[in-house]
């Protein structure tokens, strides 16, 4: 089920290990069932784009993957670590999984530099100089090294989101979760963020991306998943999705969004 | 940066407000008066009536201050009002503290704000007021000199810090940290200077000095208790949130006088110690309940994404609170906290009401209890009111300036 | 759907108890409860509770309570709790009057701060800055001192047509009292008239609502307010005479160095209420100003566009909307008035706090007295909140 676009280096997904395993995951908000028996496997280095109308449970699902939400039943295993009541596991998982939010959620009282180095210094106990060097390297990677000493409020939305990506990368995670990373951005800034994400995908990061950017999905994703009303309705390659979707709900959704 | 096309200077047409500013001052003044004072027939009538009332008030105040009042009740009793029972041979300790605090004010302004023309004017006026009080009797010259040195320290501290670069960087961080550290250490330092190594006994703190000690103790102590209290109330653990809520609501249920009643009659059995210490404890405990509510409000105002992001970068609950949530919540809660601080400042007068502690208002009562000053009660209380007003005004001014430079409300 | 092929999931691991989050949480709470229990236990044991009990409140008071109004209790045969309740009644009076006055004054000053008239705005600012930043205690005491020193001695009382008297013993004015009237009815009969008045007020309210509805339907002016007031006034007058004039005005008189009859506003009461009013109105003014300024600018412009006058704009458009933001903060100020009324102690006004102190002086039992005090304040606060929540619910019922 590998799809390789021309720009992608060959990533051997066939022999890769499953890094995320979800089995029969349920999540309730009071009487509302947000997730209904979600099961899936995601391999290391795989790029998965999650689609679905709002309220379909797609955000809830990826928030469950780093325990911002607790699932009510079923199992989630991240890189061999069980997501359960064990306090040690929780911390271990969070430093394996980076997350980028729709609203950036940068820390407004800290400079860009400190936003990025906070995690490495406080959680990984990295010395300040090393953390600063790492942060500069990441800022260069996302293309804004000159903004290091500014505060988030002084940056544009696109720049803020790129800082947020750098902040997540600073923890050197194995998996990156993106929760609608471009939805709060002005149109002219979307591309700069998507470019960074594309570069990240090429580098072999495992990524789960909730987005409405169909171009990104078509070009970068190895696999697409379609959520509706809390369940995983359909999954497959971009080719499968855009040329030959099977389920009625998927067709309807795609016809509305394309 | 907008590129302006090159133009002949004479042909530039200014925007309307700049155009108006070009007219002679008298015309502008007349226009201003027409707009702001005489904009309609009713407006004119209102202005005239207000002006008459204002004139009468000003006349009354001037008549009282310069003709009617006998200020000797203040000047003759200035040591009583200022420090009361504080040992006179230890006066230098008081002045050292005053100088230290003035220096801190200068450092704070220089680091986070700047002194405007109004601030300088205010300092000059307040100094005039202070010297007017000090310059009587035998030690007048010394007191005045001490005071001037303190003001000199204020400006020295300001002059040093205002020249330092404001741009973010290691130097700036160091400067901010050291001034903040001094501010935190200020209270213990002042208390040590006043009380330790042959200084006064706690019960000898009296008069204005007592107000100046009680309020910071109440504020600092209150803040220290308030932070865990606010977190406790917001906690998911029922036992913790329930007890913290009970604490806050019970303390806020009774007036401060009621709690001072507790300090006087009940706390004696529980913690013992000097009455003044018990009063300090009560003041801190009382303030904490109110401050905790302001912090809780700020915690609720903080977007939930902040703690989520903190967890997402791997911080644990405690780190997220300490590094992300609390710094922002405290910053949001600065305005109501300053209000609370001013409130405590005014409430330090209450220790006089049922406790045998003599702060400024209490010693004013002692001053007018002297036979020759019994007719001058109004003067004494007006003086007390003015002194409290000046300090409260300084507090609100400083907080406004610091708030402005911290960029509160601009996220 | 096909699930991606891959290795089977690892078996679910066993979590040792001490690493479970729930267990940790329970443990934390356990430790917390234990510490709290120790602290409470220490406080409990250090208090002298051998004579704890509220029986002492039923013993005869043997002290006097001043500033009574509508009560006449001498403290000789009455119990301490009775005297305390007299104090509560005195507190309530001061609090209610101060709430009413500070609201009126606060709204006035708050609106004046936003006046387009520069002088008025500056005066209002001066008012706020002065009264907000000086201690309430000093304000109360200063007013009291001025009343004592500034007002004439009772020997030189200012007499306004035998109706009003002003001296440093306070201000005396006529006051309605039950009267036998034409038919020599007993005192309680006045209640019938009061009941009649209430019934008529309700009826007038109904009439007003009816007329307003009709005005909305027909578009013809129906003068709802005038009708309501008129009906009530005429009804009140008629019922007054039909019931034989059960009320008469009691004019104050001076006997020796005391006022008798009428209603007397003693300087203690005046000072307390004036202090509370000045102080709190400065805060309310700021709240009102903030509430108005928080409104979108478009509201004023829209009101101007429909051609409302300044007063109409304020009362019909601005204030009703600003109330949403104002009421919660003002409620807080009312609660502050309640608690600050304890400053009565400083001017020797016999409110609940002062009477409680007297009882404690006579009988000890500080802990019990403190319980009584705090419960009373909380009850009054609760009542104030209840009323204000009702208002708030009415204001916010209409969603914008």
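Going in written order, the chains are labelled A, B and C, and every chain counts its residues from 1.
Everything below uses one rule, namely that contacts are C-beta pairs under 8 Å (C-beta built on N, C-alpha and C of every residue); 3 or more make two chains touch, one makes a residue touch a chain.
Not measured: the values here are computed from a predicted model.
Chains touching both chain A and chain C: B. Put simply, the chain closest to the centre of the protein, by Cα centroids, is B. One simple way to say how far apart two chains are is to compare their mean CA positions; for chain A and chain C this gives 56 Å. Centroids built from CA atoms put chain B at 48 Å from chain A.
If you average the Cα atoms of chain B and of chain C, the two centres end up 29 Å apart.
Here chain A touches chain B in the complex through residues 66-68, 91, 94-95, 97-99, 101, 103, 105-109, 111, 118-119, 122-124, 149, 153, 164, 167-168, 170-171, going by the rule given at the top.
Taken in their complex, chain A has these residues touching chain C: 1, 17-18, 21, 23, 39-43, 75, 77, 80, 82, 84-88, 90, 232, 234-235.
Here chain B touches chain A in the complex through residues 167-169, 303, 305-306, 308-316, 319, 323-324, 327-328, 331, 407, 410-411, going by the rule given at the top. Interface residues of chain B facing chain C in the complex, by the touch rule stated above, are 36-37, 39, 43, 46-47, 50-51, 53-54, 236-240, 243, 250, 253-258, 261-262, 265-266, 269-270, 342, 346-347, 349-350, 352-354, 361, 375, 377-378, 381-382, 384-385, 388-389, 392-393, 396. Of all residues in chain C, only 25, 28-29, 32-33, 36, 42-43, 46-48, 116-120, 123, 129-130, 133-139, 141-142, 145-146, 149, 339-343, 345-346, 353, 357, 360, 366-367, 370, 373-374, 377-378, 381 touch chain B in the complex they form.
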